[in-house]
Structure formats: structure tokens, C-alpha cells
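What follows is a structure written as C-alpha cells; I'll ask about it next.
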Amino acid sequence: MAESVYKIIELVGSSPVSWEDAAKNAVNSAGLSLRDLRIAEVVTLDMKMEDNKPAIFRARVKLSFKLVSD
Amino acid sequence: MAESVYKIIELVGSSPVSWEDAAKNAVNSAGLSLRDLRIAEVVTLDMKMEDNKPAIFRARVKLSFKLVSD
Amino acid sequence: MAESVYKIIELVGSSPVSWEDAAKNAVNSAGLSLRDLRIAEVVTLDMKMEDNKPAIFRARVKLSFKLVSD
Amino acid sequence: MAESVYKIIELVGSSPVSWEDAAKNAVNSAGLSLRDLRIAEVVTLDMKMEDNKPAIFRARVKLSFKLVSD
Amino acid sequence: MAESVYKIIELVGSSPVSWEDAAKNAVNSAGLSLRDLRIAEVVTLDMKMEDNKPAIFRARVKLSFKLVSD
Amino acid sequence: MAESVYKIIELVGSSPVSWEDAAKNAVNSAGLSLRDLRIAEVVTLDMKMEDNKPAIFRARVKLSFKLVSD
Amino acid sequence: MAESVYKIIELVGSSPVSWEDAAKNAVNSAGLSLRDLRIAEVVTLDMKMEDNKPAIFRARVKLSFKLVSD
Amino acid sequence: MAESVYKIIELVGSSPVSWEDAAKNAVNSAGLSLRDLRIAEVVTLDMKMEDNKPAIFRARVKLSFKLVSD
Amino acid sequence: MAESVYKIIELVGSSPVSWEDAAKNAVNSAGLSLRDLRIAEVVTLDMKMEDNKPAIFRARVKLSFKLVSD
Amino acid sequence: MAESVYKIIELVGSSPVSWEDAAKNAVNSAGLSLRDLRIAEVVTLDMKMEDNKPAIFRARVKLSFKLVSD
Amino acid sequence: MAESVYKIIELVGSSPVSWEDAAKNAVNSAGLSLRDLRIAEVVTLDMKMEDNKPAIFRARVKLSFKLVSD
Amino acid sequence: MAESVYKIIELVGSSPVSWEDAAKNAVNSAGLSLRDLRIAEVVTLDMKMEDNKPAIFRARVKLSFKLVSD
């Protein structure tokens, strides 16, 4: 019986609303099946500011998903 | 005169809404008097994903509270 | 032609609402022109609790802004 | 419905055999129900040496267990 | 002459036996030719506990392999 | 024969005199038998300043003590 | 409107000349369009020495590139 | 009502006597009103040695003070 | 006799040539007298890439300079 | 009465069997009397892979030993 | 003209009095000429407790000294 | 058959030209045979400034070399 193996990828998502939204956007863009996703750990959070624009919240996350099931 | 001494405990709270909520849930479950609480420092934030469920936001916090008053 | 140089300052903002708000309050109080701001990186997040008061969310951020333009 | 809350405690276990054994010894001595345990994260590993004795492997772990169930 | 370039990917392997086994399982599941592999650095080790099951040892590793040969 | 197991707790002590004193105050307030104490590792040191008061030195320590003897 | 999402990959480049060159070699070997690249952050630098060969400078970088455009 | 905002500056103080003294010297030289000071966190401690001179203790501290009052 | 006190500021310099140049540019733009400067510690290095432009090397440095002389 | 002073040296040991073995090999090769050894702290663990060879487990340890006895 | 080269060694000193004393004891036991010493950076501080003995303060320091003069 | 064991020493080299040169100077001054050297990992980089002198680039490196061959 094969043991579970997970792969971890690093993504940066952004949102004008919140860091929670930014993290969700990152995960949704990864193009992975919901079935295989597990956890998105926050690596860093920041806020980008530009003239005449609302601040953009960004979340850098490490997303783990199943490579081999048990 | 005794000097203040604080104890620090580590908790993980969760919420389907936000990391702020997750941190509050952790603190509220600690069963400590509000009088003695001081600060909850965020150690890590993550987001747990499961099939057919909304993402759950989790906050790991270090909560300090008074052991001895000054 | 001079290359861009940025200065980085460290601020702690607070808000009874959210860490996003706390980060924005820190940046708004820095008294810098929006034109020159670039990024506010989160260093730490915490939550301060006091008797009979709502929890206060605090964000410590490193704010970078232009010292020399290119 | 209450969300899950976990508490995290830090333990150092030891074993003359292996770091895996040292980690298990730490967890077994915590006096917690197996039902509530979740994960023991390794913080540090070391090896203690004394004259005329086999080396002792030690594992410092952070053990998380349920405080509130969902 | 092109210089060597390596890519690094992050994997989590698991095993009921040992962390050495968990690390090997992670590498074997990566689907890469043995020829190109170089080093698997341990990032974190933990132990997962579930009711009525043996503890599972998990190793998070950064695996480097050749992208361009010299 | 049971192997030694230690538990580690985190405390903040304070003193108007020195960081050595602050660390000792933290340990003395933990209410543990001297027999079981082992080591208090310094995590962070700081100095709190208030108007019309002497500066207060504070030491955050991780205190380890025996849970199981060998 | 979709928000920008970036992916981050980790590469090790090498050069007999300099760490700047090593970082550029890593990026050039990633096989990504220049249009999508953003930033290569240095994670670690080292220098490999072998008998009768010039020292080789190596740079481990985290390279971010656009996954989704805004 | 404006929320409190703090600014954090980094200083290195020195003293032939102790690290406590070195930290106080750093704070006293910052030229800030005692009213506004809050906390000086120790970043690093070291000891400088020169021929025919007593060792000098140095403390690098991060000093936070009020920028906006609540 | 007053002891030396240093202040530390954080700057990001850039250069199309090298990280050494980027660090020097940061220091030269700080507008401080050469007499008072001491050390510029590298915090992070990165490389910014834009379409149709040479890569830009950036160095984030912590620059210490004398606030009070001995 | 002289206080104890320890020196700490850093070694990398290897073994085809386990990380425990790798750590022991590092310590045994240091050429120090067992009487003076104290603790070998694990700094990093990795696994080296080569074509047609078993994986080699490597442990980088910091070994402390007595320089002056009390 | 040769450039200065420094070597860095790691020592643990102890004292029943203070961490300043512990750091000095470590340096004095290194058996190096005062002429060549430069800086002892504190790596960690702790306090060892034993039954019926005063607490012992320990300082782990990295000591740098000249290998080659300029 | 003895497994390879490496020792790691920490050195600071300097150069008025570049950090690459500073790292090479550190290694060349260690007085070790080229045969036994393996890797010099950069720990920190800095730049020392003095009145009327060119800036000096310094590299602190961890140099590993063979203690026991396989």
C-alpha cells in the first residue's frame, strides 16, 4: 500500500478586499481539483499601494495537494 | 512587591469567516478570565480546504495572561 | 541617470475591525505622499485584549517609499 | 456551532534507540487521550553523550490536541 | 558551455516506520529519473496520530534535480 | 525503564534591576519544585518604559522541567 | 475582473564569474517568457570548490512569474 | 477617533558596565520625549574587545514610540 | 563621557550592473556624511526583470551611522 | 574556581542507514575524548542520491565539548 | 597587500553572577591574544538550575579574531 | 568502510572589489588543501565604510572540508 505523498507549490494571490480573499484567489488560480487540495499556509502578507488606486492586499501561500493517495 | 509574571500558551483557532475570527475563537476557548488576558500574537495563519466545504481559516496564536500581578 | 532608492520604515497600526484596517491606518499616519509609497510588508500581527473593550487588531508593517526616482 | 480549537504544548522525549522513539515517548508521557491528539511537530533533535553510556536521542516536539470539538 | 541549473521542488512523504522512509517515499513519488536527482533537504519532520492507528512519520523535503547539465 | 520526558512552558518575568533578575522572577513564579527544573532559555529580552517610572526589564523564557524521571 | 496571481519556483544557477551571473543563468534556464517574469529573490549564495577548477559561484533564487493577468 | 500608531526605530547603544546600561543609553540618545516611548526590544547583544581597554557591551534595540495617540 | 550610539536605517538600492553597486547606491542616497557611516549589512538581494530592459540588481541594506560620538 | 566553558564545532556525518547513524559517525570522527563530549544538536538533515547507489543520509550537527572544567 | 580575514568560533561560558560575566568567561578561556580579538556576538542566553545551587547564567557566543592582518 | 565526515568552519573575508573576491580571500586564508575543500556557504554580506577609503566588501562564509574520506 502506497503512503500519501503531497506536493507543495508557492503562489501569490491578490485582492482589493482582504488577505483572506487574496489567499483564496491564489488557490483558485492553481487549476487543481478541490479533491486534492489540503492546506494553504501563509508565508507572507503585504499591501501594494499605487496612486489613485485602492490598496491591493497580497498573500503568498504554500499550497499542498495530493500526489499519491493512500 | 512582586513583579508581574505572564504565562504564554499556544492555541489554534478556526473560523469559516476570517483570520480575525479564528484568533478570537482561540482566545475565547482558553477559559481564562478577560481580566488576565493581555496579547495574542499570531504565529502562523493557514487555510484548510475540504471537498464540498467552505475553506476554514486557522490562526495559531501565542496568548499571554497574568500569573502574578504587580 | 540615478537609479531608484527606497527607504523602509517600520510602523504599528491598530484597528478594532481587522488587520487590513490596522495596516492601512499605519500607512495613512506616516505622513507620506501616496505618490511615493510602494509596499507595506506585514512583519507581525497581534490582538490586544483589555477588560470591557473590544479586541484591538494590530499590524506591524515595513513601509517602503521612494527616496530617489529613476 | 463551535469551531475546533487546538492547544499546543512543547515536550522533550528521549530514547537510546532513535529520534522516532524519542518523539513517541514524549507524546505517550503527556497523559492525553489518543482520541484528542493530532500532530507532533519536531522543533529540534539532539543527541546527548555521557561517559560509559550509549548516546541518548532526544526530540523536542510541539504536540497539538483538541480543546473544543466541532 | 552551459552551466548546471537545478530546480527545487517541495514534497511531503509519509511512512509508518521512520522519517528516513518518509523522505524516500516522497522522492520516489516525484516521478523523476534517478540520474537527475541530487539532494533532498529536510524542511520539517512531524508525526501524525490517529485513533486506533499507528503513528505516521512525515518528512517535508526540498528535492533538487538537474534542469540543465554541464 | 521509562526515559526522561520534559515539558517546556513559556513565561515572561520582569524586574526594575536586570534581565537576570527578570528571568529568575519568571522561574520563581511558576510554582514548580526546584528539584524538577532544568533550564530556562531566553526567547526575547525587552525594556518597558513608562512616564515617571524606572525602566522595567523583561525576559521571556522557555522553562523545561521533568515530567517523567529516568 | 480577475486579480493577478503569481507562481514562485525555486532554482539554483551557477557561474564561474559572479553570483549575478549565476542568478541570471538560473532565470534563463527556466524556459519562461520574459513578459511573465517579475522578480528573482536570492535565497542563498555559495561557492563550490573543486581541485584544478576555478571556484563556481551558485545562487539559489525564488523566481516569480504571472499565472493570471489583471 | 484615530487609533494609536507607533513608529519603530533601530538603535545600537553601548556601555562598559552591562547590556541593561547599553540599552538605556541607546534609548536616552534617541532624543524622544519619555511620554511617547513604549518598549525597546533587544535585537542582538554583543561585546566589543580592544587592546588595553575594558570590554564594551553593546545592545541593538528596536524602540517603539507613539506617532498618533488614541 | 557619553558612549557611542548608532542609528540603523533600512534602504533598497538598485543597479543594472551588480549587487555591490546597488548597495553603494543605497548608501550614497542616504544623504549622510561619510564621517558618520559605519556598516551596511545586506538584508536581502533580488533581481527585477522587465520586458525589453536589462535585469536590475537590488540590495536591501541596514545602514548604521553615529548618533552620538565617544 | 573556574566556571565550565564549552566549545562548539560543526560537523557533517553520513550513513547509508539512518540519520541517527550519520550523527554518531560525525561525533566519532571528531577525535575527542568521550569524557568531554556533551551534546550534538542537529542543524540540518538531508539525503544525497546518486545513480546506482543507495541514498546516503547526512546530519549536520553542532557538537559541544568541555574546554575548561568546573 | 593581504586583506583582513577573521575566524569565528562558538563558545559557551557560564557564571553564577550575570550573562555579561558568562560571556567574558567564554572569551577568556579561548586562549587567544587580546590583540587579535574583535567581537563576541551573543547567540543564545540561558539559566541552568540545580537543586541546592544558585542558578548559573550561560552565554553562547560567536567570537571573531584575526587570522590575517591588513 | 568509513563514511565521509566534513568539518565546517566560519570565516570572514574582505575585498575592496566584490563579495565574490571577499569569499575567495576567506577561503584562501584558511590554510587548507584545495583537495579537501568542498563548499563555502554565504552566511552574511556587508560593506564597511571609512572616511577617505574605498568601501570594503565583506563575506562571512561557512567553509566545509573533508575530515574523513570515503
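Every chain is named by a letter (A, B, C, D, E, F, G, H, I, J, K and L) in the order it is written, and numbering of its residues begins at 1.
Keep this in mind: contacts are C-beta pairs under 8 Å (C-beta built on N, C-alpha and C of every residue); 3 or more make two chains touch, one makes a residue touch a chain.
All figures in this text were calculated on a predicted structure; none of them were measured in a lab.
Listed by label, the chains touching chain H and chain K alike are F.
With steps allowed only between chains in touch, the distance from chain C over to chain H comes to 1. Path length between chain A and chain K in the chain contact graph, taken as the least number of steps between touching chains: 3.
Interface repeat of H-K: among G-I, C-I or C-H, the matching pair is G-I, sharing over half of the residue-numbered contact pairs. Mostly differing positions are employed by chain C and chain I in their mutual contact, as under half of the interface residue numbers are shared between these two copies. One finds 38 Å separating the Cα centroids of chain A and chain F.
Chain F and chain H have CA centres that are 23 Å apart. Of all residues in chain A, those that touch two or more other chains are 9-10, 18-19, 45. You'll find the chains touch as A-B, A-C, A-E, A-G, B-C, B-D, B-F, C-H, C-I, D-E, D-F, D-J, E-G, E-J, F-H, F-K, G-I, G-L, H-I, H-K, I-L, J-K, J-L, K-L. Residues 9-16, 22, 25-26, 29-30, 56, 60 of chain C are the ones touching chain H in the complex.
Within the complex, the chain J residues that touch chain D are 18-20, 23-24, 27, 34-35, 37-42, 45, 61. Chain E makes touch with chain G in their complex at residues 2-10, 62, 64, 67-68, 70.
Interface residues of chain L, counted against chain I in their complex, comprise 18-19, 44-49, 51, 55, 57.
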